[in-house]
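One structure below.
Going by the order they are written in, the chains are A, B, C, D, E and F; count residues from 1 in each one.
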Amino acid sequence: MKHWYKLVLIMSGAFILATAPGSPAQLQAEEAEAAAEYEPTEDDLAFKAEYEEMVAEHGFHAYAFDFFVTSMLWTVIAAGLVFLMHLGFATLETGLTRQKNAVNVLFKNVFIISIGILTYGLIGFNMHYPGEWQIPYVFGIGSPIGDLNQDFTLGYGGIGLAMTGYGDFIFQAMFAATAATIVSGVVAERIKLSSFMVFSLVLVAFAYPIAGSWHWGEGFLAELAVPFYDFAGSSAVHGFGGFAALGAVLILGARRGKYLSGGRMKPILGHNIPLAAVGVFLLWFGWFGFNGGSVLSAEPKDLGLVFTTTAMSAAMGAIAAMLTSWILLKKPDITMALNGVLAGLVGITAGADAVGPWAAVFIGLVAGIIVVFAIIFFDKVKIDDPVGAISVHGVCGVWGTVVIAFFNPDISLVSQVIGTVTFCGFAFVVAVVLALILKATMGLRVTEEEEDEGLDYSEHGQEAYPDFGKVTG
Amino acid sequence: MKLIKAIIKPFKLEEVKEALSELGIEGMTVTEVKGFGRQKGHTEIYRGSEYTVDFLPKVMVEIVVADDIVSKTVEAVVKAAKTGKIGDGKIFVLPIEEAIRIRTDERGDGAV
Amino acid sequence: MKHWYKLVLIMSGAFILATAPGSPAQLQAEEAEAAAEYEPTEDDLAFKAEYEEMVAEHGFHAYAFDFFVTSMLWTVIAAGLVFLMHLGFATLETGLTRQKNAVNVLFKNVFIISIGILTYGLIGFNMHYPGEWQIPYVFGIGSPIGDLNQDFTLGYGGIGLAMTGYGDFIFQAMFAATAATIVSGVVAERIKLSSFMVFSLVLVAFAYPIAGSWHWGEGFLAELAVPFYDFAGSSAVHGFGGFAALGAVLILGARRGKYLSGGRMKPILGHNIPLAAVGVFLLWFGWFGFNGGSVLSAEPKDLGLVFTTTAMSAAMGAIAAMLTSWILLKKPDITMALNGVLAGLVGITAGADAVGPWAAVFIGLVAGIIVVFAIIFFDKVKIDDPVGAISVHGVCGVWGTVVIAFFNPDISLVSQVIGTVTFCGFAFVVAVVLALILKATMGLRVTEEEEDEGLDYSEHGQEAYPDFGKVTG
Amino acid sequence: MKHWYKLVLIMSGAFILATAPGSPAQLQAEEAEAAAEYEPTEDDLAFKAEYEEMVAEHGFHAYAFDFFVTSMLWTVIAAGLVFLMHLGFATLETGLTRQKNAVNVLFKNVFIISIGILTYGLIGFNMHYPGEWQIPYVFGIGSPIGDLNQDFTLGYGGIGLAMTGYGDFIFQAMFAATAATIVSGVVAERIKLSSFMVFSLVLVAFAYPIAGSWHWGEGFLAELAVPFYDFAGSSAVHGFGGFAALGAVLILGARRGKYLSGGRMKPILGHNIPLAAVGVFLLWFGWFGFNGGSVLSAEPKDLGLVFTTTAMSAAMGAIAAMLTSWILLKKPDITMALNGVLAGLVGITAGADAVGPWAAVFIGLVAGIIVVFAIIFFDKVKIDDPVGAISVHGVCGVWGTVVIAFFNPDISLVSQVIGTVTFCGFAFVVAVVLALILKATMGLRVTEEEEDEGLDYSEHGQEAYPDFGKVTG
Amino acid sequence: MKLIKAIIKPFKLEEVKEALSELGIEGMTVTEVKGFGRQKGHTEIYRGSEYTVDFLPKVMVEIVVADDIVSKTVEAVVKAAKTGKIGDGKIFVLPIEEAIRIRTDERGDGAV
Amino acid sequence: MKLIKAIIKPFKLEEVKEALSELGIEGMTVTEVKGFGRQKGHTEIYRGSEYTVDFLPKVMVEIVVADDIVSKTVEAVVKAAKTGKIGDGKIFVLPIEEAIRIRTDERGDGAV
């Protein structure tokens, strides 16, 4: 205990120093006093005048300096948060697959977000929100973005879309790659890298923006008697991604050694659960940008509601999946808890601004239950999804889109079903066709030997954790 | 000299080490292994699928000792590692023909 | 070196492309010129008028479109940052415990944030800020939140609480789970999962909001002659959590094998220091939302000050703990450096807006020193805290709450002591009672065998890193 | 399949509950109706009046409540994002070095950000932006920051610097440590901890702010005929850091065992690629604050552009490095892809607000190609850079600063070259001198034995992953 | 009794285990190792530098069996582990002098 | 044939491998182990508590060679692995009764 007196000495000294005249505390107090007595000087007044003049000079744009500025700020921050979801996906997928494929999974994730942003600039954005339609309400050709600040009024979309063109673009661009990323986890550990790159490029550059235009680009789903409603994309993004994954995996097949003869199954364990948990927390965090940013402004009523419904559905999804797995499987399964969070998030995405917090809890509750059954179901029918993304994004995406018709009188069940079927069906068909073409041409799968050795070795010649021995290297 | 290879439950390592130290044994080498044996049938779950974990975490302790203390050593390990439950592990005794201490080039019993 | 000419070729080509007519650079320049010469068209003017009309139409809410909107935006972003702290806690706690309990630690962390949000909605919020008191200034019963946008003026709390009801709720909900999370690390590696779930549920649903109401809900601590001051909760959150943990651990006992006979001690090493470091950085990052969001508006004076004091105290805490551990223990201990960051953060939390930057440095300095001694002290007296949370949150929480009385003339030492003792004492007593009840009923600890095998196996039947061999799986 | 009926039961029950009278859905609907019919009450109107009065009372500061507030909010958020880059650096550097040095790498990173903030407060800030010059345009002495809210007008920097003094300080403080952090990765695995601490302290406390003052502090680079232009610091931060690292490493030498006799080379593999990938994603995320925050306000035109150029350059950098490594090295190298992201980010930093999105793509394209060649080049000439930071920050920093002269007519090639050479040259010289002094006094390198055993053991007596066996501990 | 030490390709472990189970062998111990052998020259890249990976991931299976089933066991391992490509691995047979089951103190053939 | 089991300091692996290659030895198998020996008493700290690290990281190299080159091999390992400091490690020599190359079914000296 002989160290304690040192502590006392150090602290006393510090105290004296801190409270002595000229000390920070003293200065602090003096400054506070000075502030209280402060009268604006001429300089201050001059500065104030100058500032006001500056604002006036902005003249034509001056009106923008309030709601618009704040909304635009939120849009770009939300874009950043959606970007971070890609780290969430990368770590979740890496954690839930095997060590020998970790480099490959990460590589694909870096590729997807990068190619997603680029192709969205090149053609996606203008296909997603067609200036004019080539096929009315169905297809408008894309062209590269130009100077999106050209709208000199800045009042890009009015109060409902209070952001500059670049703000709109970058937020949507971060969204675009999400669908392809969902597929990435499902086909992991056996798809050929180059084929996957082509697959996801087509998905993100063409299929996603074309389908998106039907809803968000004022296409036919927006023209239904009661327009289809999908706030931030339970169907348009998640359902789309989940069913594209389903299509791809049907052609691709299961990982070697998972489904054994005689109906037996040998689970293939994810190699790093902490990494997977990091991914889910980051996805939840990023989802505040995904849903919150989809308010498309900083409108405070909606913003608060959307944050609340998003959080409550995710929380309930987690608890529901925990309990379901505990009851059903006798043990509280961490990977189910993690998938439950995501199920709740996907579920609430369609109606985050259209239902109240307790409806959100209900949506999350059911999503968290469904997801456990769905994961077990897909395994039963030998559809091998290492990360559970078909269940999370596909199944819960459908659930979330359809259920809101029961909670909000302005939403039509029929329209919701039409929209959901459209997105999921289209994604499924595109994925199947694309996968078949790739299978016939480049080949879709690595060889059995490559799969056994791991894609990190066969595709990249690299290891994720190469150190052997603590201090050999 | 003999090589005593003991495969034990991981959390028994500390006790085994202490039992050996008490015998005056100053060296051993430990490896992390997975064991397959009678102790099986225990099932785990992963994402809803039950599966049997065949390979359980074990620790392999390798100890080289002079012939005369082999049985004492084996007994000490048995005593320290036993829980009485299935899966406690095995001990194998192998012949050693030579032992060398790298640092000093000493050979034989003096090297271990 | 034969590749260099390729580089030169590619780059020259790219350059020509980039600067040729019709190239991006060219287009860029032309657009800039066009912008300079731009005269608003009739369309622009029409748009401007339309925009202004829209704002006017919002009529009754229109005044909200300035400070209020920005403040509300900050509140929800801060809520997101506080959420991310839960990832920080999850990774820190996982990193500082053993591999064989990693799944269990992560599971508990997913549970806590989820149940925390839900129970806060169900009863916590209205208990924390009682509309009316059942026992005046001490206890107001909670009821589920309703439609928090019902306050149609939106001007929820005026300039001092410039956010909608949902904004307030979600920010506070993210806070609520913090106290329980602090306990989670301290009791890790030996507490029974189901008992822990009950324990933390009671803590987060009842104990935390009741205690909080005494200070933030206008309860008796706010009614002291000089009101108790605890800006973002050095005592109300961190002290509370730290002392609840102390109470729990006294009943629970130490991990097997840590304190040996004869007064010897065998440290139990954390299994993943990089993960722990990730946790601390995320906590620091999230703390900008914890403290910054506690400004409860986007008031720029306070916001800048709070960010600065928070960062400077954390930085000084880190350096102080580094040097203290270096001098005292002869080696620069990374886990002490990490705890030093957190000590500085906890220390400044009570007065982040009430002291200047150099006072913050002083607070962090002492916190960083104290924390090292406290960790050693608790080990000496055989209180086994795997992550050091009692020292970080409990001890430094007290320090931070009390010390600000010396730096700010408007804060009373007596009130600070009363408040601190109230929070820490209450938390301690509740935790002890709760732990005793659980011990007598469900059982508090896993069996010795389960502890030896690890909770991942015994409670979850799962492994955190199941891959054996780089390519076996 | 016997569980399915349970699901149906649970869901039906939940549905009935959810839609029954008094249910959330019902309440929801009723509340919506009530809202539609709502007439502001006297209370509401009174509240509105009160709110307006409050704003009026703020009187002299009232004008600040719009653009200024939003800008300040963005500044502190951006400061938080730049802070998070330090976690990015910490994980990237840890991932790309060996297990036996992981604790050491993390320790250095905690140290740098902490000491960086403190010294920036103590002398850096006022040296970076000298109130008055001791040597005109070259050197102004620093003094500790005082109460930066003293400017009671709050209108700190007008529309171009719309933030309080604390906002400015904390944003710049987070920047300051970046340069030193860049060095940290390059010298990892062999530099003596104490010497590194002195080295980085001098760099961050003196060299960086002095150099910075030449450009951002209105020093001589700002006084050139056509002022040097470096938006967020391709040269002033990244080039500076990269060339300081180059200088340091020339004196320090390569890691043992990397360059073998006979010109052979044995690469030393990074031990945790997923951790490195986490780092790069976090850096990209944080860079939105680094570049976006450098707008120094929430000006929406610039903000949207800067986010877009930043993202597109990073994305193109990644794809370019992927393809370059694939073509050149026959395999798609994940570490090259990761470095490609950073190359694109560093490249665009100088001109993020001065070029359009397609010019950004071009800048990223070339940066992504260059970085692969540069990494190979430095290895060829036996400059051992474990993380590739000299190539990423040094080489691409130069590229980014110089190239913008071709894209923006207002930027002069000559000035850009002068500025770049100034920053990189100064950093290089300072680093060489400093390293030589340290070598002669304290010693710069650990002993060969310490290097072999790993710095975690020799400097810290700690292990990053101490668990042996899944359940031994 | 003999100790059969088989060094095999990691992804063959499952098949080897099943082949042994079919023989009625109920115990084995597995270690993660790195092998250096003829199977070399395969180069990987890291940050632009090609290098030869000398040490390849292998798995070592150690099985103690009674003398009479040694050759059957070896054959079973050979059959299950063979791919015909270089690097398939080796099997070494070592003499064992004693075997003890820790749980029961049984010795000899009955212990394995 | 003999099995040479060398327990060495991890950072000596590279040198040992090269020394063996020079001898024309083409195969070895390496395991990451923890060693307990005389080289002890070195203390580390963790969160303020000093503790003795009993088990130090080592690497175990197993080499099977024909009888005639055993002593050359042992010498080569000793030379390459020696630092002269405590903890340099040990070499144990065990008899091997049979060796089989899985790929070709070759037996005996030709198999290694």
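Simple rule for what comes next: a residue touches a chain if its C-beta (ideal position, glycine included) is under 8 Å from a C-beta of that chain, and two chains touch if they have at least 3 such contacts.
These figures come from a predicted structure and were not determined experimentally.
Each step here moves to a touching chain, and the least such steps from chain E to chain F number 1.
For the two copies, chain B and chain F, the CA superposition rotation is 120 degrees, given to the nearest 5. For the pairs A-C and C-F, the larger set of C-beta contacts lies at A-C.
Chain B and chain E touch with mostly distinct residues; of the residue numbers seen at this interface, under half occur in both copies. Centre-to-centre, using mean CA coordinates, chain A is 23 Å away from chain D. If each chain is reduced to the centroid of its CA atoms, chain D and chain E end up 49 Å from each other. Chain centres here are Cα means. That of chain A falls 45 Å from that of chain E.
Across the assembly, chain D contributes 27-28, 31, 66, 70, 73, 77, 147, 149, 269, 272, 278, 328, 331, 333, 335, 356-358, 361, 376, 452-453, 457, 461-463, 465, 468, 470-471 as residues in contact with two or more other chains.
Within chain B, contacts with two or more other chains are made by residues 11, 30-32, 34, 44-46, 55, 94-95.
If you check the complex, the residues on chain A that touch chain B are 265-267, 269, 325, 328-331, 333, 335-336, 372, 375-376, 379, 388.
In the complex of the two chains, the chain A residues touching chain D come out as 27-28, 31, 34-35, 38, 40, 44, 47-48, 50-52, 54-55, 58, 64-66, 68-70, 72-73, 75-77, 79-80, 83-84, 86-87, 90-91, 94, 102-103, 106-107, 109-111, 113-118, 121, 144-145, 147-149, 154, 163-167, 169-170, 173-174, 193, 272, 275, 278, 328, 355-359, 361-362, 365-366, 369-370, 373, 376, 380, 406-409, 459-467, 470-471, 473. Those residues of chain E that touch chain F in the complex are listed here as 2, 5-8, 31-38, 54-55, 58, 60, 74, 77-78, 81-95. Residues of chain D that touch chain A in their complex: 1, 3-4, 7, 10-11, 14-15, 17-19, 24-25, 27-29, 31, 60, 63, 66-67, 70, 73-74, 77, 81, 98-100, 146-147, 149-150, 152-153, 155, 158-159, 268-274, 277-278, 280-282, 284-285, 288-289, 292, 298-301, 303-305, 307-308, 311-312, 314-316, 318-319, 322, 331-335, 337-338, 341, 356-358, 361, 452-454, 457, 463, 465.
Chain D makes touch with chain F in their complex at residues 257, 452-453, 457, 461-463, 468.
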